[in-house]
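Chain IDs A, B, C and D follow the sequence of writing; residue 1 opens each chain.
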Amino acid sequence: METLLPLAILLVVTLLLCAGILIVTQVLGPKNPVPSRFEAYECGIKPESGSHVPFKSSFYLIAVLFLLFDVEAAFFLPWALVYKDSLAEGPALLWALLVYLGLMAVGLVYILQKKILRLN
Amino acid sequence: MKEAVFTFFSLFTLLTAAGVILSRNIIYSAFNLVLCFFGLASLYLLWGATFLSMIQILIYAGAIVVLFVFVVMLLNFEKPTEQKTRFSIIVLSSAGVWTLALILLRVLSKSLGEIPSLETPAKASVRTISKLLFSQYLWPFEVLTVFLLALIVGIFVLARPEKEETP
Amino acid sequence: MTLIDFIIAALKAIVILVAVIQVVPVMIYVERKVAALIQDRPGPNRVGPFGLLQPVADALKFLLKEDPIPHYTNRLLYTLAPFLSLIPACLVIAALPIADKAVLFGREITIQIADLDVSLIYVLAIGSLGVYGILFGGWASNNKFSLIGSLRSASQMVSYELPLGLAAVGAVMVFGTFSLREMVIQQEGTLLGILPNWGVFYQPIGFLIFLVASFAETNRLPFDLPESEAELVAGFHTEYGSMKFATFFMAEYMNLATMSGLMTVIYFGGWHLPWVSDAKLLEILGSQNLLCIIQVATYIFKVSVFMFLYVLIRWTLPRFRFDQLLTLSWGSLIPIGLINIVVSAVLMYVLGGK
Amino acid sequence: MILAEKLTSMAYWSHFVSIALFALGLLGFLTRRNALIVLMSLELMLNAVNLLLVQISMRTGTSEGIVLVVFVITVAAAEVAVGLGIILNLYRMKKTVDLGSFRNLSG
């Protein structure tokens, strides 16, 4: 509760700021609708088709790899928190790290040798 | 005060969850999903589970839904291609689901109502959780890493980019 | 929590937010002046003395422009997208400890909006939400340039979040806490008698990774692929005009300020003056509030050094190619980050803690 | 507990929120035919369970529930990664993500 409230206040202030920006531009800006102003900008040429064309799925691979590595990296954080305190009790956590990192490195090497990141 | 904040964020979470399953346009579903996870994170924060609240935003809102939005953008359906579900199915499943929910609510409030709740809820500190995770639950944790590694390899087999696709 | 606490929290939020927003006009001016200096031309010099009022003119121009919503766009998401990138940028600053505390009306007020015990993860988590503004903005614009720009930009931001997280892991290992405030407090004093006791001396590699990744996270040159104007017109904000366009830029500059603030806090001792301890300073000054002002000034100075570095690098380095960008993150920064963690862990074990 | 007491207790309403979230997820899972939304509904159901776990964990002052949630989050991430990979492949086959058009995959 004590931690949530300041954040909630900040969120409210930010939302007010956003609403203010929106309203001020609507009030101050001139209205002069010229038809060409509402077309998609493609360097002056009339757009041939809609923009919604399918893309290469390499982008999906990047996002998926990010998700998986993000999960792994997120679990590093609690490990790092207790590591310093655990040093007094021997290297148990160091071994845990090495096993964990070894597995993560195998994954990383696998990605890199697949050369999937070369999008062109 | 706490009740008001709790009510607000619960309603927010439930409304956005309803938005996820009711939206016609997938991008709105994804957007509602982000807001829903945000509401859940706020509820965790309200109860004092700070670490989990941040992990919720970091992984769910920051990574999982990004993946959903990526897929929506990659597939790029101009119009919703989904066919309408038959009305009878909707009626039947809603009746079933809400009956189940009522039963669950009864059972839970009966069995969990007995649990004495602490006067001032103990703050499960980040340190306690981390210690627990890396002592008692160390092995499940390592197994999870192996699982993630297998996943990385599996994903490549699943989502191999095809040569003839347009860039 | 009483009413007075509530009011104090609200005032703190408003004051700090407004103060951080002031970064935007200052940076507009500095950026244009430095660019002019490097390119050997005078730069803005018409509005006000030395062109100092140029940011005001810029802001007025943005506000007074027509704000058309192109047809075939998704109106709701198109309008929301700039704010989706501004809101996380504003929320992140809650976790930054700007100074220790001030005493006002017999109350101790910490100069930080929310003193979370997980503020480091908070910054990383909320920072990762910034990607939605770009994704939705590009998708809603219904323009091929926007869509390609937003996909590229999102891939870039997503790829560079990992090195950022790994660098943060190194810092957490050394300090043994997630709280940025605690980190700053631990950086007081000197190391080996000569150096200030700053994080950068414990985690030099981590700092470099963090620096490079923060350039990419804020979409600055040499990593400004999403807006590479020569290739993609203007990237994900091709269709944006008026204040909506300016909102994206506000978010960018605020992210710049947060990243600089974060580096100051984690690696450069936050509000501490080097070689002088707070207790000694308090003795000399004799007032907690004066000390607080000095701390704020120190913090702002350190942050502005970083901001200046950002501007300098923007106008001196050329842009990366997209595949080079991804290879830099996945092929170099992440492996180096992992090695950094292992080396730090082993060193800490050998030296028996800090 | 009598009804009036129930309605003012926050614990009761917390259960209610968690179960309502689960029910919404289940409803979406059963009625929607868009594969992506079905996957999102699964996420909602997992989150409903997480919510209950966190809440009980915080009420009783133990940390086991939170550790369990950490594992659930990992599994959820894995599920999404694989699920979306499958959906991408299905889309390549039929150019649609409507689940009704994949009936011929069974048996």
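Rule of thumb we're sticking to: a residue touches a chain if its C-beta (ideal position, glycine included) is under 8 Å from a C-beta of that chain, and two chains touch if they have at least 3 such contacts.
Only a predicted model underlies this, so the values are computations on that prediction, with no experimental measurement involved.
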Of B-C and A-C, pair with higher C-beta contact tally: A-C
Closest chain to the centre of mass proxy, which here is the mean CA position: A
Chain whose average C-alpha position is farthest from chain C's own: D
Distance between chain centroids, defined by C-alpha means - chain A, chain B (Å): 17
Distance from the mean Cα position of chain C to that of chain B, given in whole angstrom: 29
Centroid distance [mean C-alpha coordinates] between chain D and chain C, Å: 34
Junction residues of chain B - those touching two or more other chains: 1-2, 48, 50-51, 55, 58-59, 62-64, 66-67, 70-75, 77, 126, 129, 133, 148, 151, 155, 159, 162
Residues of chain A engaged with two or more neighbouring chains: 1, 3, 5, 7, 50, 52-53, 55, 57, 59-60, 63-68, 70-71, 74-75, 79, 81, 104, 111
Contacts with two or more other chains, residues of chain D listed in rising order: 70, 73-74, 77-78, 80-81, 84-85, 88
Contact graph of the chains (line, ring, star, complete, other): other
Touching chain combinations (by label order): A-B, A-C, A-D, B-C, B-D
Chain B to chain D touching residues, read off their complex: 2-3, 6-7, 10, 13-14, 17-18, 20-21, 23, 26, 29-30, 33, 36-37, 40, 43-44, 47-49, 51-52, 55-56, 59-60, 63-64, 67-68, 71-72, 74-75, 77, 80-83, 85, 89-90, 93-94, 96-98, 100-101, 104-105, 108-109, 112-113, 115, 117-118, 121-122, 124, 128-129, 132-133, 137, 140, 144, 147-148, 151, 154-155, 158-159, 162
Chain A-facing residues of chain D, complex: 70, 73-74, 77-78, 80-81, 84-85, 88
Contact set on chain B toward chain A in their complex: 1-2, 5, 42, 45-46, 48, 50-51, 55, 58-59, 62-64, 66-67, 70-71, 73-78, 126-127, 129-131, 133-134, 138, 141-142, 145-146, 148-149, 151-153, 155-156, 159, 161-162, 165-167
In the complex, chain A residues that touch chain D: 57, 60, 64, 67-68, 71, 75
Touch list for chain A against partner chain C, complex: 1-3, 5-7, 9-11, 13-15, 17-18, 21-22, 24-26, 28-33, 37-43, 47, 50-53, 55, 59, 62-63, 65-66, 69-70, 73-74, 76-77, 79-81, 83-85, 87-88, 91, 94, 97-98, 101, 104-105, 108, 111-112, 117-120
